[in-house]
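In structure tokens below, several structures.
You will see chain A twice below: alongside chain B first, and alongside chain C after that.
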Partner chain A sequence: MASAPSKLYADDVSLVVVLLDTNPFFWSSSSLSFSQFLSHVLAFLNAILTLNQLNQVVVIATGYNSCDYVFDSSSDLNRSFENGRMPVMCSSLLQKLEEFLITDEQLSKEEPEGKIKPSLFSGSLSMALCYIQRVFRSGALHPHPRILCLQGSLDGPEQYVAIMNAIFSAQRSSVPIDSCYIGSQNSAFLQQASYITGGVHHKPQNLDGLFQYLMTIFATDLHSRSFIHLPKPVGVDFRASCFCHKNTIDMGYICSVCLSIFCKHHKKCSTCGSVFGQAQSEAASASDKKRKTPET
Partner chain B sequence: MASTHVTKRAKYKTTIKDPGTPGTLRMTFEKILFVPHNPKSAGKLDVEFRYIKGQKHTKEGSNKPPWLNLTNNQNGSFIFEFENYSDLQECRDFVGKVLAKGGEVSEKPTVSYPDEQLSAAEMELRIKLLQEDSELQKLHKQFVLSGVLTETEFWATRKKLLDREVSKKTKQRLGFKSAMISDIKPSTDGRTNKVTFNLTPEVILQIFAEKPAVHRAFLSYVPNKMSERTFWTKYFRAEYLHSTKNSIAAAAEAAEDEELAVFLKQDDILASEAQKKIRRVDPTLDMEADEGDDYTHLPDHGIFREGNKEMTESQNELYKRSLSQDINRHAAVVLEGRAVDVELEDTKAVAEALAQSKQKSSNKGESDGDISRERLDRLSRMTEIEDLQGPNTLPLAPLCIKDPRDYFDSQQANALRTSGDALGGIEQIKCGLSTQEVYGSLRESISSIKAMGLKEPIVKPEVAHQVLDALTNSISNTKYHIGKNPQESVLDRLPRKTKEELLHHWTSILELLKHFWASYPITTTYLYAKVNRLKDAMSNIYPQLEVNVKKN
Partner chain C sequence: MNNGAGRRINGGAEEDDDEDDVNGDLDAWERTYTDERSWESLQEDESGMLRPIDNQALYHSQYRRRLRSLSSTAARIQKGLIRYLYIVIDLSRAASEMDFRPSRIAVIAKHVETFIREFFYQNPLSQVGIVTIKDGVAHCLTDIGGSPESHINALMKKLECSGDSSLQNALDLVDGYLNQIPSYGHREVLILYSALSTCDPGDIMDTIQKCRKSKIRCSVIGLAAEMFICKHLCQETGGTYSVALDESHFKELILEHAPPPPAIAEFAVANLIKMGFPQRAAEGSISICSCHKEAKVGAGYTCPRCKARACELPTECCVCGLTLVSSPHLARSYHHLFPIAPFDEVTSSHLNNPNCKLQRNCFGCQQSLLDPGNKPGPAVVCPKCKRYFCLDCDIYIHESLHNCPGCDSLRHS
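Showing the complex of A and B:
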């Protein structure tokens, strides 16, 4: 459902849903400390709220075992967390974040060492989209929503299907997904998300100036993006993960009925149940060059 | 199937002004041979098809004579003048086929590989597709005619295009000719007083369809009682008698010859059929049967002349037959349509096929339920016009695959990545701490920030300045290279010709890669040879690209 144009609102009112990466395994090995990161982000959130009186900010924490809303600027529950040293909004966010981390830790099971430890990005993305849908249905007057992902953890290939589904539904509802990757390598999922939905993706070179990056690139509202130039990435990494083993692959087999991706030849598609014909390598003679399409 | 050679009478002209040497033109798959009628004149021509590059011809509607112009590699041309346009058409089709096959023929691998048998219709389809889509034609020319890919491989992935073309062609059934068979004059030989009739299976089919009594007689008499030849002799004798309109003589001969009588009598099968048809009146306009059809037993078609009915010559009634009866019957048969669709080879086959189809239709009409069902069938058939219907495809949602050209831009990163990058295997950051520890450290950070407040200053001014500088630099750089509009691509900044060339190279490389990866795993020598060919073709594109780059 596309957002209805609202004439009574100014063009630059925005609702920013921020997905905060709180994967403890990533933060324990990151060059930027979590507290420094939080200062940058909190100042940035405050700045967004000052850009326009009607702006709204929602923060969702992407944990290792779960995701949860930790802040909503439009709710009235922020009053109770008075703290002289910082704005009210920040203290309430921090309080909720702490509670979230306690619950998240309780959910964790013992896992073997050495595995990639991704955060539940697909979960928080879905939650953000649900919130935005609720805003769409709240009436004709609503701000323009967008999603900002602050991720540092690596991509979990097992989340490929869920993330791609979320990206396509965001594309359909015209919700841009901006992404800022603060890890050391590259995230294919974030690049694809921003490319497909028309958002902006950036990997900051200098993490000490993260606040400056956030203000320059990600604070721009949707209306201003038509005339403010934002950095364009050189290319997009379109690699996918296979559906059977959840490995990242460059080349694979595709079911011609439902377009599911497999890394090895299968007899049957696990998504739609189509039966595949003979593969070329099994053909006895070279004359049977035509690869048969799966028969349903 | 295409014939292996074509022989036609033609005149060979070296230039347009040249009156032309008459002779015989013979074309096989390998070469063209022209031999003039007059052995003394020059102008004998023996050219291999390998040297023929293309062909031109004059249009049928124009006033020009039918000429075919074959151009060869050295830009010379051979002009042939044919007697009529249908000859020209045949030769043109043949040359077209040979020229199109030229790429395939020259490309015979040492491994025996069954060639795909292409029908002329399929060949035409492919040529038509190539003519319509110039990009496809360029790709085709580049790869198939130079031997990198074979025709079959090229078209293997494009079956959907071919199928679409096929369904566009109308599938009409040819009906009977409107001209009446009885108009076909036999050839008479004045010297021996013999009259020769020329019977083809087509004619026989029409005779059987129009005169069911003759059909029945054929089935019963041949080959038991008389040979086919005698049968037809008697038939034509009867026809002759009818045409003389001498009913007395007809009656006389009928009395003598029992079989002849069959032909001379009124067709009783027809009468009963007409009766049946009248009972089934069709709401759709059916000119096959109405009250007026049942005229066979009424003199003068039931029309009273001058108020009095003439009932004379009742015994010779049986042998009268009028021209209007013949015409009406013929019209009825033509409108009914062709009941037998198979290739007819000899009379016996024709007779049996027709009998079978009649039996089928009579079985259908036996019960009432069948009759009404058939009528409904007819109704639906009459209201639909098959030729105008679209292709009968299943209700599927069309597969929407994006044009790979949209992704041209975003592939730059993949091109720039070197093999040293660790992209294939994601480095696993070994986390030496336990779960408890990591969560603990995170919570500690939060507490510290709660205690101390936000970092003061949030960001150092020099760092901020540096970041801003770098960002604006990079933005302005990309703007310079890529363009103001974020949706604009690199391609749009190039001149149009370069852009087209670049895109063509890109699509051709995609095509080659597609075939390259399709041949893996390499299990036969054929695949190995193919892979090598593809590799060579791909490496050939590099210097072309370099030339392009240098030009700009």
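Showing the complex of A and C:
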């Protein structure tokens, strides 16, 4: 970054932070093998780096037990041009990725029970945002950052608060989160992330052509996006799920102290312990109406 | 920024006393320049461009302020998240004084705008109204509502100052409005007071007791000097009183009112509120919205109870009165309830401890934590996951992200 001549930064220079899902539980059940997936992604990353010589790519692996940086095109190690750029990039990325996968596997203590085996998406998203803040700090002229999530595993409900925090922080610093979902069901987290931050969400129909999807949708820089017809967002589900039964509801009760969501009237909030008045919900809605009438 | 003359009013002077009275005869705006000598901190890089100013000092003041506020509220998780706030702006002739540049009222208007935006960002389910005092009469500028734009636009149109100021009239007016809101809401008044006197029709002490009975939390930010009546009001109603020294201090003070205050059990009754989570209508469908009574294409939300169409969230359904929100609005407040622990500074004992392996890079942004001389530079460590972070990431994590990247990238058993 620092050595790049700052005058050359134009509006089409990108910094792409790619979050790579390496969850072994997902890849063992996926129709696309991990090596095929990597060959698509590596070609895509090379393409981004060649689109503009100032473009920058950072890859963060989202594992099952940990998250780590596996590649940074701006670091000195990856700058060597001796053997040509592409092979150096691929070999260093693959080497770091392999090291990461081994440590990630060693960290798993016991065989997990239950069906949901989500990756630590909130961790890698937070790391990506920290990295992007560093780029913002580097001066007035910096590449335009965006985040691309290549996610296949299911959403982890316990990460909801952390992921939403990260999404709002990204929205605040106007960093779009693009997402490409390669699993079987669609991910509500990724849909919301892309919708709120103004990124693109897409779920490819045919995974054999993943490279083409990546190139046509996610390779364009932020400035050029305004000229291109990108996939339109399908309806985003903003309904909430209640804290008590995890049902999706379109009408419910909210604790006025902690904003926990419940599908029916409780006597006590299970999150913050506040005790609710019994008949007050009716009284409150009545006073609501009373207040409403003079205005309308 | 750090001249102490008035800060001790703000609940005890801690650190800035040594610089007192040095620049006694200068105006506030002049002092900011003579004290900081900001031109001296400018630096050029090799090509002659100006380098960003080293903000280490700023960092430390922010960091300490944050730690203080965290330690005072760390124990409680209850916050008043649904707030009904009236901003009372003093438009008496004192507000046209020019000791703030260009004038007090211009500074107030500018920062009230930032405050309103920040307030709605941090409290998406809360509502704000604006009351102005002019010629001794309090006047309601905007009704309490949830749209930042309408408040800001209304305020910018009415900035003429004249006459006296009356605290009692303003409090009476606001008290009347806030008595109508539902019992679960937190009633608050934030008064931006320029005058040094109040010209009241009756006994203001009665009004203060009335506010106290209605459980209205009154806070005052003064722009001139400390006044007993304001201090008394804040003490009686549980608010905070502070006097701004200069523009940046005023901004700091007003933004302190944006995060939700700790909930006081007796102030608002805990309650379950019925809310609807409307679906976003399909793109391209045409319908008449109930809020503007206009036909609109696409981009609307349908009330789940009465199927009326609303344009934006959060709002109240015009037909059946149901509060309509989307789940991200609720999620935006959750970080107040699950705050992350403040990070500890890495001390030399940490570094010498052989059990803690020295981490060379910041876990968040990969920036090197070593000084140019290859010595360990300043860093902080998360007490839970023991990851090291640089100071910039520390601020970002606590003030904007509200996640610890280290803790989130470890699987919790």
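In the analysis below, the second predicted complex is superposed on the first by the 224 of 296 C-alpha atoms of A that agree within 3 Å, B and C clash if a C-alpha of one lies under 4 Å from a C-alpha of the other, contacts with A are read in each partner's own complex, and residues count from 1 in each chain.
Simple rule for what comes next: a contact is a pair of C-beta atoms (placed from the backbone, for glycine too) under 8 Å apart; a residue touches a chain by one contact, two chains touch by 3 or more.
These numbers were taken from a predicted model, which means no experiment stands behind them.
**Student:** Per the contact definition in the header, classify A:Phe238: touching chain B only (first), chain C only (second), both, or neither.
**Tutor:** After superposing on A, A:Phe238 lies in contact with both chain B and chain C.
**Student:** In the superposed arrangement, does A:Met127 touch chain B (first), chain C (second), both or neither?
**Tutor:** In the superposition, A:Met127 contacts chain C only.
**Student:** Is A:Gly209 touching anything from chain B or chain C once the two structures are fitted on A? First, second, both or neither.
**Tutor:** First partner only, chain B.
**Student:** After the superposition on A, what does A:Asn52 contact: first (chain B), second (chain C), both or neither?
**Tutor:** Neither partner.
**Student:** Is A:Phe262 touching anything from chain B or chain C once the two structures are fitted on A? First, second, both or neither.
**Tutor:** After superposition on chain A, A:Phe262 lies in contact with chain C alone.
**Student:** Using the touch definition from the top, say if A:Ser174 reaches chain B (first), chain C (second), both or neither.
**Tutor:** After superposition on chain A, A:Ser174 lies in contact with neither partner.
**Student:** If you stack the two complexes on chain A, which partner ends up touching A:Met251: first (chain B), second (chain C), both, or neither?
**Tutor:** both
**Student:** Considering only the touch criterion stated at the top, classify A:Ala43 as touching first (chain B), second (chain C), both, or neither.
**Tutor:** Only chain B; A:Ala43 stays clear of chain C.
**Student:** On chain A, which stretch or stretches are contacted by chain B in one complex as well as by chain C in the other?
**Tutor:** In the superposed arrangement, which is not itself an observed complex, chain A uses residues 108, 232, 235-238, 250-251, 280-281, 287, 289-291 for both chain B and chain C.
**Student:** Using the touch rule from the top, collect the residues of chain C that touch chain A in their complex.
**Tutor:** Counting only chain C, the residues touching chain A are 49, 52, 77-79, 81-82, 121, 125, 143, 180-185, 263, 268-280, 282-283, 304-305, 316, 318, 321-323, 325-328, 330-335, 337-338, 362-367, 392-393, 396-397, 400-406, 408-411, 413.
**Student:** Spell out the residues on chain A that touch chain C in their complex, using ranges where they run on.
**Tutor:** 6, 64-69, 72, 107-109, 120, 122-124, 126-127, 129-131, 133-134, 137, 139, 159-162, 164-169, 172-173, 192, 196, 232, 235-241, 249-259, 261-262, 265-266, 269, 271-272, 274-277, 280-281, 283-285, 287-292, 295-296
**Student:** Along chain B, where are the residues that touch chain A in the complex?
**Tutor:** The touching residues are 111, 113-114, 152-153, 156, 407, 409-416, 422-424, 426-431, 433, 435-439, 441-443, 445-455, 458-460, 463-464, 466-468, 470-471, 474-475, 478-479, 482, 484, 486, 517-518, 521, 523-524, 526-527.
**Student:** Would you pull the chain A residues touching chain B in the complex into a rising list?
**Tutor:** Those residues of chain A that touch chain B are 22, 24-29, 33-36, 38-40, 42-43, 83, 85-86, 90-91, 94, 97-98, 101-102, 104-105, 108, 110, 113-117, 154-155, 185-186, 195, 204-206, 208-213, 216-217, 229-238, 248, 250-251, 280-281, 286-287, 289-291.
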